[in-house]
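Quick one: structure below, then a few questions.
By written order: A, B, C and D. Residues from 1 in each chain.
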Amino acid sequence: MSEALDCPSPGVPSADGEVKITVRDLDFHYGDFHALTGISCDIKARSVTAFIGPSGCGKSTFLRCLNRMNDLIPGTRVDGTVLLDGQDVYGPGVDPVDLRRRVGMIFQQPNPFPMSIYDNVAYGPRLHGVKKRSELDDIVRMSLERANLWKEVKDILDRGGLTLSGGQQQRLCIARVLAVQPDVLLMDEPCSAIDPTSVQKIEDLMAELKSSVTIIIVTHNMQQAARVSDETAFFLQEQAGEPAILVEFGRTAEIFTSPKDKRTEDYITGRFG
Amino acid sequence: MKRDAKNLTNAAALAVFWLAGLTTVVVLGAVIGYVLVNGVGEIGLEFIFTNPHGVNAEGGIWPTIVATLYVTGLAMLIVTPVAVLAAVYLAEYAVQGRLVRTIRFAADTLASVPSIVMGLFGLALFVESMGFGFSVISGALALSFLMLPIVMRTTEEAIRAVPKYIRWGSYGLGASKWQTVSRVVLPAAASRIITGIILSAGRAVGETAVVIFTMGTMINLPVLPTDPGRSMTVHLYQLAMEGINMPAAFGTALLLMAMVLAFNLSARWLLRRNRRMQG
Amino acid sequence: MLSAALLALLAGCNGGRQHAADQVIVTGSTTVQPIAEVSKEGFEKAHPGIHVLVSGVGSSAGIENVIAGTSDIGTSSRDLKGDEAKHGLVDTPIAYDAIAVIVNPSNPVNGLTKEQVKAIFQGRITNWKEVGGPDMEIGVVNRDEASGTREAFSKIVLDKERFDPTAVILPGTGQVRSVVAQAPSAIGYISLGFVTPEVKALAIDGVAPSEEAVVSGAYPISRVLHFFTKGEPTGLVKEFVAYVLSPDVQDRVVREAGFIPVTARGDGL
Amino acid sequence: MTPAEETATPRELKLMSRSTYVKEAALKNLFLLCATMAVAGVVLIFLFVGWRGWPVFSEVGLARFLGGAEWLPTAGAFGILPLLVGSLVVTLGALALGAPLAIGAAVFLSEIAPPRVRSFVRPAVELLAGVPSVVYGFFGLLVIRPLVADVTGGLGFGPLTAWLILAIMIVPTIATLTEDALGSVPEGIREASYAMGATTWQTIWRVLLPAAKIGIIDAVILGMGRAIGETMAVLMVVGNAPVFFRGIGKPISTLTSQIVMDMPYASGVHRTALFGLAIILFLISMGLVALVRALSRFREETR
């Protein structure tokens, strides 16, 4: 465990809960475009952190740095440190495959595999060596229950995942990720492509999962951020072509009622963005 | 007056395009019809399952049917793994650069090689230098080079048709690249890949110039891959040019057309079923 | 008969195949092919377990195969030429074949001299009116160079001089016949045995082609069909040759294929 | 793997195990090897066809081979000019007939045909591509040759018959590629033209065809490649007389048909000459592919 970094900077809230992810001076380059600069923040364990900011301000890109999904895109470079439970995620020899198992991700577009509901959820465990049918059944049931989908699909487990509604598909994806026991759940605008009634189900689900999984959600919808998150980070790209920065990071209540930075206030009150 | 002239030419032009469009159907109908009308009388169990005998190859064409299916099947076995894995490389692993451009240029060149050149190549390499002699294996190897670019292209298109975010879903669960490709991408693209293989097999069944110089022309029921044989296409060519046993020629042509159509139609059916299933 | 496209394996190239003991390989002239194929069936019925592999590759290829040892019997519809004779091949004539010059039945010309036929096939006479026919350009139909019939026709009629290069070349007897049958201006040549009413066979130097004329030697365009073997045929090969010379093949198969049995001359071996 | 307890000590991040890294790298190299098989194929063709055909250039000499006006192997004459001219005549004639028909059919399919009609014309075009070339030759020999014979008074063999057959054979190749080219023209262009009161024909002639020009040229070039490479169908109808073009009803020969005619009995220099023909055919087809790629690069720059 490297010693806790204590230098306060705009991104570090008062340390009252256990920290899951620590980010210090993170820069991100995509080819010769400098996308993010000087991002530092601490994500609390078993809490919901929201990333907000105008579209194209790099919040999704930053989210992808946390589980090294950006490695899949050729020509990208990450500087600075990202610690998961104190261990450097970009350290030499770290297996990104294992990292992505522990830091699951939900995408904007629900993307169940073109397989049955059962196979979708069992895909992760099968990847990591679970073979016994009975064990798989337990994991599938448990994951679908945690994702509040079990009652709706328990009789149609062999039907294709694509036959479900948008909201159900998204919850299936969540169940699929839960099946591999992640510590962290990254959600990249999970609700922007699904109907309002399902959004409510997903938000309730996040509230329940918060007790066992650290959740980070990128969202355009400030009301959603206010409703579901404990802490909020506001990202901004001042001028086009310039790297985006983390303007302010703090308890959601404070950010939305008494933001310290004028730029946050302008964004919150909808003057721009 | 001017407006009518414009509409007149437009109507005339449309008529020409309708003519062009329907001509293709008429021509196809003529070719298939001619072969069907003259050949259907010849087709019978006896024609399909007995050997040719007698002065002018009366009787059935069974050895040529076996030879055609044998060489095409063997070619499919040889080309499928290589072409599919090559397509996986191009679609999933390749980074744009000189190497990939060379591979694509080579595949395009291979696809445009005249079949007679592929035949002589098979003769020079497989029949003579590798010492297989006139045989099914020589034919299959030559055909596999002919089929390689076709299967590579259709497989790559099938893989690229699998949406990106499905791959991310798999990576997001901690799957390695090969796990993602083998467990999600390939199964999702499977039916289109199979369609590509069937279409290339249909093309191989219709080949003459390639097999005439690699599998030979001896009417013989091939058992071992090193046995020679005469394909249905070569048999049709010989019967047609000898011009004595025309009924058998028509019968062979009809069976050949039936086989090729079966390949093409089954490929189309598979594609449509897949599109509906994934829709 | 079309010269099949089996490659003429050159002596010494490493693609040669070893012969199984129970196998007789007969390759060569497409003209002799029908006789060889039907004999194969009869012979295989009479000797179960014995395989006779037959393929028509053209006389030249057949002779080369038997020299190279890749065939037991090299069939040919022409005599040996050049250094082929130096390999000690034993010749066993098995039938006579007369070559008929055929024209379209609508063509009024009924006969030509051998010299006229030669001039037409060399392109020196190009219009039917030069030989007493209507004013119509002559459509010459020739055979491909692998064909034994062409070889014999070239030797007997053209004294081995060049053919008219602008002639249509067809690799099969049947096609020559059907083209001549359909085109009024056409002239071609096929084995007498394949003449059918759809074409008219011309009299040559006044002698109409018939079996008697061929046997008596009066008809000028005829040739011998040979079985060539390396040395005196022995064992299985000898049995097969004897079978081909038996009345069962000579009277039925040879006649059916349109040829004249060698035994018809009464001096059969 | 039972669900982790709430306060489990955080698990250590596993380090990249040697075995998975090696396995992934090995698989990637295997796939690369498969991909290079296409390159290997082209190289092998060059090597072996070239090796067998090379002696003809030394023995007969490039000038007499390429420039020679007489092809009579038995007399030692290996001039392939008549065959080259033959191939060119047959190919260009087929293009002159086939290309307009194919482009017309493609425009019909992509712009004019109502869905019901399109649903049986498009499969017809695709099935035309499936018909084996020997069946086309068979059809040509028995149906088209007699018709041409009656019309021209000759024997029916020659360029005209070959053109008719080859034109049918290259229609699918050119039509499908032209249809793709037309398909890639943005929808907005059509609407803009119609919005200005242009008729279908004017839209096609003034807007669509120019926009898809490069694609159509690609299609025609590939159609040419297909035509020049065609063997069996041409062999059965062209008449196989290795002389210069003398009229649409007079027999001639081409590079491809001459190879199949002579190969069964060719030996020595004659056989290497046939391999020489194959080399030239291969170079022509490669040249056409390079031309198409150059065109597409040119199109990229001008877009």
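One rule holds in what follows: a contact is a pair of C-beta atoms (placed from the backbone, for glycine too) under 8 Å apart; a residue touches a chain by one contact, two chains touch by 3 or more.
Bear in mind the structure is a predicted one, so any value in this text is a computation, not a measurement.
Listed here as common contacts of chain C and chain D: B.
When each chain is reduced to the average of its Cα atoms, A sits farthest from chain C. Chain centroids computed from C-alpha atoms place B closest to the centre of all protein C-alpha atoms shown.
When the C-beta contacts at B-C and at B-D are tallied, the pair with the greater total is B-D.
If you average the Cα atoms of chain B and of chain C, the two centres end up 38 Å apart.
For the pair chain A and chain C, the distance between mean C-alpha positions equals 85 Å.
Centre to centre, using the average C-alpha position, chain B and chain D are separated by 15 Å. Distance between chain centres (mean CA atoms), chain A to chain B: 48 Å.
Chain D has residues 20, 141, 260, 263 in contact with two or more other chains. Contact with two or more other chains is made by residues 4-7, 170-171, 175 of chain C. The set of chain B residues touching two or more other chains comprises 176, 212-213, 240-241. Of all possible chain pairs, the ones that touch are A-B, A-D, B-C, B-D, C-D. Across the complex, chain B meets chain A through its residues 95, 163, 165-166, 168-176, 179, 183-184, 187-188, 277-278.
Put simply, chain D touches chain B in their complex at residues 20, 23-24, 27-28, 30-32, 34-39, 41-42, 44-45, 48-49, 51-52, 100-101, 103-105, 107-109, 111-113, 117, 120-121, 123-128, 130-139, 141-143, 168, 171, 175, 199-202, 204-205, 222, 225-226, 228-232, 236, 256, 259-260, 263, 274-275, 278, 281-282, 285-286, 288-290, 292-293. Interface residues of chain D, counted against chain A in their complex, comprise 1, 3-4, 6, 10-17, 20. By the touch criterion stated above, chain B contacts chain C in their complex at residues 53-57, 123, 127-128, 131, 133-134, 212-213, 216-220, 234, 238, 240-246. Across the complex, chain B is touched by residues 67, 69, 72, 74, 97-102, 104-107, 109, 111-115, 123-124, 126-128, 160, 162, 173, 176-177, 180 of chain A.
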